[in-house]
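To keep things simple, chains are lettered A, B, C and D as they appear, and every chain counts its residues starting from 1.
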Amino acid sequence: MQKERLTAFSDGVIAIIITIMVLEMKAPHSADLAALVKLWPVFVSYVLSFVYIAIYWNNHHHLLATADHVTGGVLWANMHLLFWMSLIPFATAWMGENQFARLPTALYGVTLLGPAVAYFILQHYILRAHGPHSVLARALGADLKGKASVVAYLCAIPLAFVHQALAAVIYVGVALIWLVPDRRIERTLHDVEHKRGKAP
Amino acid sequence: MQKERLTAFSDGVIAIIITIMVLEMKAPHSADLAALVKLWPVFVSYVLSFVYIAIYWNNHHHLLATADHVTGGVLWANMHLLFWMSLIPFATAWMGENQFARLPTALYGVTLLGPAVAYFILQHYILRAHGPHSVLARALGADLKGKASVVAYLCAIPLAFVHQALAAVIYVGVALIWLVPDRRIERTLHDVEHKRGKAP
Amino acid sequence: MQKERLTAFSDGVIAIIITIMVLEMKAPHSADLAALVKLWPVFVSYVLSFVYIAIYWNNHHHLLATADHVTGGVLWANMHLLFWMSLIPFATAWMGENQFARLPTALYGVTLLGPAVAYFILQHYILRAHGPHSVLARALGADLKGKASVVAYLCAIPLAFVHQALAAVIYVGVALIWLVPDRRIERTLHDVEHKRGKAP
Amino acid sequence: MQKERLTAFSDGVIAIIITIMVLEMKAPHSADLAALVKLWPVFVSYVLSFVYIAIYWNNHHHLLATADHVTGGVLWANMHLLFWMSLIPFATAWMGENQFARLPTALYGVTLLGPAVAYFILQHYILRAHGPHSVLARALGADLKGKASVVAYLCAIPLAFVHQALAAVIYVGVALIWLVPDRRIERTLHDVEHKRGKAP
C-alpha cells in the first residue's frame, strides 16, 4: 500500500513536470514560418528534457518495482529526487529562450547533476531497506552507468563556459546511453521469477 | 504491476495535456460580448483537440486492456506517443490565436499525424510482446481506420496551404470516424471472455 | 479494471481543473494591502468554483462507486462531463477579473449548467448499463436535487443581466444544497451491504 | 475502494500544487548571472513551500494509511485541507516576488496556518469514524507537534510586521521539526502488526 501511494504520487509529479515544459513553448503571435523557426532552441531543449525525464521515470519504475516496502528514508529520498527534477523545466526554458547561451547551458547541467545525485541517494536508501543480498543489490551491481553520468555532467558544466556545443554533446550523449532501458534489473528480476517458477 | 504504472503515468500525462489547453483560452480583459466572440477560433480549436485527445485516451485504454504485460519497447513506444500528444496544445494554441491561418493549420495536421504514427508503433510493440495469435492480434485485424487516418492527415497538411477549410473538414471528419469507440477490440475481448466462461 | 482507469483519469482531470484555477489568482506586483484587497472578486470566484468542482468530484465518486462496469457510452458521457468542467476555470477567471460584471456572471452560469446536464447524461448511461432494478436506480430515485439545480441555473443566467447579485445568490445557494453529500446513494448502498451481510 | 479514490485524488492535487509553484520561477530574459541571482527570494520561497507540501503529503499518507474507511465528513475535511494547500503557491509567489516584504511574509504564515488547522479537522473526522480506541487514536496521542506548529504560526504572523526575518526563522524551524517523519504512527502500526503476527 505504502509503496503504491509513493509511486502514484511520483507518477503524478513526473507527469506534470514532463508536460508543463511544453507551456514554455509559447505559440508565436504571427503565423509565418520565421516565427516558428525562431522557436527551434526552445523545441530542441524541450525534446532533450522530455527524454531525460522519460528516462528518470523509466528507471524509477524499474527501481521501485524491485522494492518490497518503503521506509521514511525512502520517502524523503524520493521527494529529494522530485525536487531536483522539478527544476529541469526552469533550466530548460532559460536555456531555450537564450539560444543555448553559456550560463544557462551550464545551469542546465546542474539541474541534470542534481537528480543524478538524488537518484544515487534514493538507491542507497532502498538498498539499505532491503539488505545487501536482495534482488536489487544484485541487479544494480556497480552501477557504472550512473557513476559515468555524474562524471559526464561534472565535465559538461565547466565546458559550457568554454563552448556550449561541448556541453550539449555530453548532455545528448548521456541521454543516448540511458535510452537503453536498465536491462540489469529486468534480467535479474526475470531470473529470480524463473527460479521461483521452477521451484517444486 | 508494471502495466498498471504505465497506464497510471499515461493517464496523468494525458489528463494534463487535455486540461492545460484550456489555459490558452485566456480570459479577456473586457467584459463585453465582442471580447468573448473574438475567442471563437481558440474555443473551436480547443473543442477539436479535446475530442482528439479523448479519442486517444479511449483507444489507449482499450489497447492496454488487451496487454498482459509490457516490455521495455512498449514503455518507450508509449513515451514516444505521449511526446507527440504533448505537442497538440502548442499547435492548438497557434492555430486558434491565428484564426486558422494556413501554416498553423498545416502544423496542426503534423501534430495529429505524429501521434497517429506513434500509435501504430505502440501497437506494433504490444503485438510483438504478445504474439501473432493473441487476442489483440485478432482484435486489431487490418486496422483500416488507423491507416485511413494517416492517409487523411497526409492529404490535409498540403491542402491547408490551398485552403484551410479543406484541412479543417478532414480533421473534423477523422475525429467523427474515431468517436465511434473501437468495437473490434471490445467485441473480440467479449467473445474470449464468453468462451472462457463456457469452458468446463 | 476498465472502471478503475476511468476513475483514475477523471481524478487526474478534476485534480488539474481544481488546481489550475489558482494560477488565475496572479500574485500582485506590489506588496501592499490595497493590491491584495483588489483580488477579492478573483478569490471569491475561486472559492465558489473550488466548492463546485469538489461537489462534482464527490458526487462522481459516489456515482461510480455504484457502477459494476463501464460501457463505451459511459466513457464518452464521462468525457463530455469533463469537457464542461474544464470550462469552469475560464469562466471563473473572466467573472473574477471583471468584478462580477453581467455577461461574465451569466456565462459562469452556463458553465455550471453544462456539467449539470452532462452529469444527467452520465447517470443515464450508467443506469442503462445496470438496469432499472439496480442499486443505483433505487439510490438515485427521482433525483430532485439534480433537477432543481438545472432549473436554478436556467433562472440565474437571465437574472445575471437584471442584477448580478441575484445570479450570485443562486450560484451560492445551489452549492450549499449540494454540500450535503449524496446520502441517498450512501444509505441504499449501506442497506444493500447490510442485507448481504445478513443473508445466510 | 472509497479510501483509495480519496488518496488518489489527494495525490493528484498535491502533486499539481507542488509542481505548479515552479511555474512562478519564470526564466529571466537575459542570460547573465545577475538575472539568475535576482531570483534568489523566489527560489528560497519555492524550496520552503516544496518542503512544507512534501511534509503534508508525507503526514497525509501516514494518516490515511491508518484509516480503514472514509465517511462523508472525512471527504469534505480532506477537500478543506486541499483548498488551504492550494493557496500556498499564491502566497509563495507573492512573498518571493516582493523579496520577503512584511505583508506577503505574514500572509504566507496565514496560508501555513490554514492547512495546519484543516489537518486537525481532518484528523478529528478520521478519529470519529474509527473510535477512541482505534490504532490511530493511540498513534496520535496528544499530537503536541501539531499543536506547537499552530502556536508557532500564530506567533509568526504578527512578528512578520515587526521584522520579516523573525517570521522566516519560525517558518523554517517548524518545517525542520516536521521533516522528522511521524514515527508515532509508524511505531504503533508496527506494534499492531507485530502482535497480529504473533497471535496464534
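As a working rule, a contact is a pair of C-beta atoms (placed from the backbone, for glycine too) under 8 Å apart; a residue touches a chain by one contact, two chains touch by 3 or more.
The model shown is predicted, which means the values in this text are computed figures rather than measured ones.
S.K.: If more than half of the interface residue numbers appear on both sides, call it same; otherwise different. Which is it for chain B and chain C?
M.R.: Homomeric contact, different residues on each side for the most part.
S.K.: Suppose chain centres are the mean of their C-alpha atoms. Which chain sits farthest from chain C?
M.R.: A
S.K.: Determine the centre-to-centre distance between chain A and chain C, using the mean Cα coordinates as centres, and give it in whole Å.
M.R.: 37
S.K.: Which integer distance in Å separates the CA centroid of chain C from that of chain D?
M.R.: Distance between chain centres: 26 Å.
S.K.: Would you mind listing the residues of chain A that make contact with two or more other chains?
M.R.: Those would be 8, 12, 15-16, 20, 23.
S.K.: Give every residue of chain A touching chain D within the complex, in rising order.
M.R.: Of all residues in chain A, those touching chain D are 1-2, 5-6, 8-9, 12-13, 15-17, 20, 23-24, 72, 75-76, 79, 82-83, 86-87, 89-90, 93-94, 97-98, 101-104, 107.
S.K.: Quick one: which bits of chain C touch chain D in the complex? Just the residue numbers, please.
M.R.: 7-8, 11-12, 14-16, 18-20, 22-23, 25-33, 36, 47, 50, 54, 57-58, 61, 65, 179, 181, 183, 186
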